[in-house]
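Read through the structures below before going on.
Look at the two complexes coming up: subunit A is in both, with subunit B in one and subunit C in the other.
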Partner chain A sequence: MASNIGIDRRDEDEVCPVCKSSRYLNPNMRFLINPECYHKMCESCVDRIFSSGPSSCPVAGCRKTLRKNRFRAQTFEDIGVEREVDIRRRVMHILNRREEEFDGKRAYDDFLEQREEIIANLVSRSDVAKTEAQLQKYATENMASIRTNQKIEEQEATSFHARISLEQEEARMRRQLAREELENERREMHAGREDFLSRLAAGTSSDAASIARESHKVQLRKSSARHSEQDRLRQKQAALRGSELKRGTNLSSVENAGPSDTGLIKGLRKIKTPEPEKPYDPFMGYLPEKRDYVTLQQSYPSQYLDRLRKSTQAAAGGFDLREYYSRTLMEAFAGLGCFVEEEIAERDANRSASAANEGAAMAAVDL
Partner chain B sequence: MKFFIDDLPVLFPYPRIYPEQYAYMCDLKKTLDVGGHCVLEMPSGTGKTVSLLSLIVAYQQHYPEHRKLIYCSRTMSEIEKALAELKALMKHRATELGHEEEFRGLGLTSRKNLCLHPSVKREKSGTVVDARCRSLTAGFVKEKKERGEDVDLCVYHDNLDLLEPHNLVPPGVFTLDGILRYGEEHKQCPYFSVRRMMPYCNIIIYSYHYLLDPKIAERVSRELSKDCIVVFDEAHNIDNVCIESLSIDISEDVLRRATRGASNLERKIEDMKSTDAEKLQNEYSKLVEGLQQAEQAREEDQFISNPVLPDDLLKEAVPGNIRRAEHFISFLKRFIEYLKTRMKVTHTISETPPSFLTHLKDLTYIERKPLRFCAERLTSLVRTLELINIEDYQPLQEIATFATLVATYEKGFVLILEPFESEAATVPNPILHFTCLDAAIAIKPVFDRFSSVIITSGTLSPLEMYPKMLGFTAVMQESYSMTLARRSFLPMIVTRGSDQAQVSSSFGIRNDPGVVRNYGTLVTEFSRVTPDGVVVFFPSYLYMESIISMWQGMGILDQIWNYKLILVETPDAQESSLALETYRTACCNGRGAILFCVARGKVSEGIDFDHHYGRAVLCIGVPFQYTESRILKARLEFLRENYRIRENDFLSFDAMRHAAQCLGRVLRGKDDYGVMVLADRRFERKRPQLPKWINQAMLDSETNLSTDMAVSNAKNFLRTMAQPFKSKDQEGISTWSLADIERHEAKRKIEEDRMMRQEHTNGHKMDAVTSSAFEAVDDEYDDDIDQDMMMLDA
Partner chain C sequence: MIEDDVYRTSSQYRLWSYTNASLQSLRATTNDVASQRVRAAIQRVGEAHLSATPSTSGTPQPGSDGETRKPDDKKIECLTPEEELVLVTYYCEKTLELGDEYKPPLPTMVRATAIQYLRRFYLTNSPMTYHPKDIMACALFLATKTDNYYMSLRQFAAGVPGGPSEEKVIAPEFLIMQGLRFTFDVRHPFRGLEGGVMELSAIAQGEGQAAPHMPSETPQELQRALLAIAPHPTPSSSIADRIGRAHGATRELLKSAAQMTDVYFLYTPSQIWMAAFLLADRPLAEFYLDTKLGGPLTQTTESNQNNLQNPLYELRTKLLQVISDCAALLHAYTSLSSDPDQMKSLKRIAKKLYHCQNPEKVNLKRDLAQPPASATDSAAASETESERLAKKRKLEEQKRSTNDMFGPELVADRTKH
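Up next is the complex of A and B:
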């Protein structure tokens, strides 16, 4: 944005408080200030006093040590405001919480007021040490969130600038289009009139009226065609703009994360970290390995099975008895011939692993 | 005279009525029946106000809804005139009906015009009167008095509390003078009587601003019900009024005084902290709770009200960073300092509110939200501090208003910083213009709120421009012509001088000696042939000055002095009124005078030159606006992009409405007569943009004249007009008696019947024709529609 601040030409009798040279004698005089003490002096004084290294402020009563590189031109006329804005810049840099991060409007408003209070303290030099310490503490504790918020702000600024420049460009285009259109129209009208005249000159007197009517019609048709063309163009542009905007908003939505409550600021929204996504479950919560009634034991005593247990043939073929146990148990408890309601009631009544175990053992024996 | 429109009995206070008045009333009634907005153009000097009032009063009294009428006019004198008309009308109704109706009609104007307090009314500036009045009448002052403190109060205001609140003045119509007299007799404040009686009035007459300017409208017109009939009279400039009501100019002086105001406030806050800290704390806790809206009973003595339209108000609590009074002051100070730095720029800048806000935030960390609440917060602070000398805080209020507006509106506004007053100036005098570009923004609440809005004036052509610019749809658009028994005004377009060289005020040739001399001879000739007064309009003060000095060098003024006294309008109001007075005197005694004035000045807008005060009006050059102005350029661009009104169309529309306004000045009634001359080559092509009534009276042979032809035409015309003319000649043609109206009605009925029958037979015929022929007809018809649509497009 245009912000080149020119030299105020009206205060011609302005005098440098250090060397007492006035603007009247030296029209190119520039005044500089140092944010250490905000005493104003002219550029030549700064050169003269501070070129050979840091020195103390020449204003009587102020013994601050100043360095040349910190001198700068003053933005605001009022030194008090200048200083306040400097302080504000620093504080706002640290306390840069955003409205979305708070529980509600009220909490955010309280935060805003607290921030004002801190700035006011620093400006009026009351409780400086305590406030500074608070700030410092907050800054070290919340480094990450400060960073992210700064980033968001920057992003917002750049996207805003991009949008503005885009809009300006579009406006310029539209202006040019309108001008061209006007020009075209004029030219066409001119051409049409000439054409009409020449045809009138060539034709006979009898068909003059018809030629006139026709030429009028042609003109009208042309103008309406032009208008519809414009409409189409405009709609296209509007659609384009809409999509641009959407992209802009996408850009600005950035995830933010950070520690929740800090000592200084109250009412921050608790940040919930989203639970990690669970793996895909094809049985919708049913686990084939899970058994409600039994626990699979290493081996069950059975004469029938002893044979198999010893057979090398079966072992070599990869037959696993545990497979067999589990399948058999599954079949036994698959719910064939039993009533679920009763079962549930029963389960609720005496739900104990031992009972289940016994049952399992009995089943195995029965087999 | 009494007659019926449909079933509505209308009492008209004169024995005769003009045909156009009758047509106007008929259309007005139709609009009111249907509900909706309308645009009506009626020739000047044909009794627009009286026909409007008599119809609406009849409508109010006849139908049980008793819809209230809000009649808005432009100037004090017009308001006074309308009130006088209303009074006469009600008197006539009383004698006709034989009893007084229960009816109240009041007019409202500023405190300055209605004040009776012996010391306050002597103040010259309106804002000072407002401030002093407030300091004598505010609620907290009264509380102080009750607590036994020694404070001044206004006796006139206090007496109002002794009366019944709904019967402060007796029923009837009071003119502004009348209410002043009544107030003096009964020792009561006329201003507050009217303000408080507004809900009980049948007719309220006041200025546009009370309805359009959100700062005032919120306070004055809030309680008016939805079914009110709103009339904007003399509305040809209404778009500019709308725009002005939302625009603000800030100069360096304002900023300086605002800084002083802010420091004063700071001191006051310190004082209060040491004496009465509780009050500040109360305010603070209220703000924290967001209760201020409920509590803020928008009293009469409020300091400022919110400058934004009611729809755009934020219904939230004040943001935390301006809740405390001292934080708010530092906030204001920062904002003012920021504006000061902006003022130091030495080149012109034009930017949109969003870009202004971003820059503001970059530099001073002021965000948009607290800025929006600036006006509200300042009001609350001023109320808490119980400030008495409010006029000192006027600039601060302006800054707060600006802050609120700039933070509220993104579209349709532009900020323009002009560091120099003119191109040539070297001493900077920066002004920050915050300009509204869209007239529809300010007037939208009016259209939304009231069911019937009537926009009327003598010059509204082209009619379709107004609905387009103001963003509404009109159920009725009508322009009436003027019925005349004789040709009583002679409009002419002069395109060439006597030497056949074209005359024009276009920038390229306006200072050519040939053109200047031709204009000079035109003026000289007309001052020679015209009896009594001649009025000459120029496009701008600048051009007027240069051309007069050139005429002086050419000896043209000396020639004019042989026939007329020369008087000139200046930007200074008092000088101009003196010139006008002298002009009137000269017209009444002696050979008359010639008045040079400007087409956009005060004279062109509201001063009538009836009868011998104006027998000829010359419009030298097309009164275009100054097209290099940044504000105008921004507005043109806005109109093009949003309403598809082309730059040239708008400029020429604007020029022609002002030209028509100038021409309308000389003809103020049917027995009046006058010559109207448009002296510019470019007028010939702009003729269709003139109002219908002027355009109809202009013969084709008189649109391309040279000076000598125009002068001989005018001579002939004036000679004819000088013949005796009896009012009897007009009867039946340009004035109707009751019998004429009845005859007209009967004729219309017969005509309607005939049309109906014809349609009927046509329908039969249509059935009879073969299908192929039908198609052919259909095709033809389509083509016609096409053409019509194209015409609209073009």
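Up next is the complex of A and C:
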């Protein structure tokens, strides 16, 4: 019977394997399948058996539980192809990594091969349980990235469709324009000729040649003006299209973050989350009032500085004695722990070593 | 230590700090190069003379003249690096004196900066090439500018003994700046000394605060410790008096000995003033260092605070060594002008310098005459300016006519046709 179906689906005497009613009696009969077991049955059977909730497949020997909402029309004649396409769609839906996410071409190719293997396993029913478990695990672990990738795909699809329809629209517009153009031209030519004839009729015979020349010139001028107008329009449209395209690419190149390496897929590019920017530190770690040798005090006893502190003249100018304290005490200890003899010798040694690498001449100068 | 890192960013540390050996080798190289140049220059000048004389006399005498010149070249004896250093030191002393010529006398800081400029300049230049007498005045003038002590050139030149012209004073300015590698910042120990004395007197009054690394000390403890230090040989009425006296003595040392020796190249300013302070009042200086870095390790502290105090203790031992070296260097200095023996040798050096002065670098006076192109230049500039203005006027007119709601002027249109 399967071979019978294989030959022609629309066969007049196609018979539902469940209720045995044939198309001959019911020309509107539709056959549905369920991706659980891919057994074919007619629409009325589906309604009859599964309307009251899930039930087992009526085909002898198949004990799969089917639900009504999963039934759908068959796309491909061959049930095997139908099944493979379904599996492929499901797997691709889960393993939807994109090329940008991989370290290189090689890693992406490996991923593609792995995906094909999984699909082949499922299609040929070898290692089904293990493969399914793998897939399930991956799906739960990478929920977020799967979803974002799906979103990107959707976006790409919609932008692609939009572009296609835009192009079609443009082509239509162009055609219409060309048609109008042609129409206009013909009409003008007519008008010009009529004008020419009437002028010839009105004028004397001596003017005839000059009138003819003039009218020809007018025609030429008009057509050239039209052409330039057209060019301008075309350019505008091209520019418009360009910007549209650019917008489209912008949409599709939305980057997103996802988890890095997963157990199943190897060679994913490590996603670096940029470190949060530290608050700006103008002193590069130095606190303006921090000192290692001294603790700055609010005031120091000093006769001539005391005078300055009390003077309103100095205060009016914005002079602050604490600036003086911090500067003098900074200078008192700046470099106390710098041992020039050691540090400079070390520096010179480093420099002459690097100079020696560069060239003997430099080293000679340094020594 | 933050203060040390701050100092490490200074140009004094990066460009003008040397080890003893590198300082000596640098001076030797400079001397070597300069002597070669001097010999070559003298020879060139001689040859120029030689070619000039026969052309005027008309009778070429290559044999006799050349032979008298040749042994002359051999006789040129150049200064040694040590002699150069003595000469520079002498002119450093002269700089100090020159500062007194003005009313009011130039601040110590300005003079010290000028002296350091001189010393830095003569690290890479030789007195044989540029005579320190010329350089000295200009260095001092440069120092008044970099140290923010304004003085007009005329005023300054009037104070210089010998009354050189203003141009002569300013002539080697760019040369000096080049020699200084355009680093004008000199870190002096004077202000650091003020800071130290300020803090010591705060401690003496019981208002001192403990250093960040010795947080356990209280102001009272510090004051008690300060009062308990070993007495100075010359007795003083109070601790404030003692601090004041040490302050004065240190300042004098910094003004003279620190300027005339190589300490600026070999040590950092805070080490220099500490060393000078150590010479002035050893117990006081040691006490002050101990408040910052902790005292010498006793048996008890060593056992329980070994780990905690180790880096500071290490720093302290190293620092004491460095400071005593610096102090020794400062102490060894005696003024040249006070020593008749040294004055005698100085005279000899001056005479020697007279013979080995580079003849090509004697006249440093800049060519002050402006190139004559400047006048035509300005004319050209004004010309282009007027052209530009005309163009601008035209543009504006055009704009106005296009903006006019009744369109551009009709007359212009008519003339066009």
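As a working rule, the second predicted complex is superposed on the first by the 264 of 367 C-alpha atoms of A that agree within 3 Å, B and C clash if a C-alpha of one lies under 4 Å from a C-alpha of the other, contacts with A are read in each partner's own complex, and residues count from 1 in each chain.
Keep this in mind: a residue touches a chain if its C-beta (ideal position, glycine included) is under 8 Å from a C-beta of that chain, and two chains touch if they have at least 3 such contacts.
Bear in mind the structure is a predicted one, so any value in this text is a computation, not a measurement.
Within the superposed three-chain arrangement, the count of touched residues of subunit A is higher for B, of the candidates subunit B and subunit C.
Touch criterion met: A:340 reaches subunit C, while subunit B stays clear of it. In the superposition on chain A, A:280 contacts neither subunit B nor subunit C. By the touch criterion defined above, A:297 lies against subunit C but remains apart from subunit B after alignment on the C-alpha atoms of chain A. Common to the subunit B-facing and subunit C-facing surfaces of subunit A is no residue whatsoever. Those residues of subunit A that touch subunit C in the complex are listed here as 286, 290-295, 297, 300-302, 305, 325, 327-341, 343-345, 348, 367. Against subunit A, the residues of subunit B that register as touching in their complex are 259, 288, 316-317, 319-321, 323-324, 326-327, 330, 333-334, 337-338, 340-341, 344-347, 349, 351-352, 354-355, 358-359, 363-365, 428, 637, 640-641, 646-648, 787, 789-791, 793-794. Residues of subunit A that touch subunit B in their complex: 1-10, 75-78, 80-81, 84-85, 88-89, 92, 105-106, 108-117, 120, 123, 157, 160, 164, 171, 174-175, 178, 182, 217, 220-221, 223-224, 227.
For subunit C in complex with subunit A, the touching residues are 1-8, 10, 13, 17-22, 25, 187, 191-196, 198-199, 201-202, 205, 207, 209-213, 266-271, 273-274, 292, 315, 318-319, 322.
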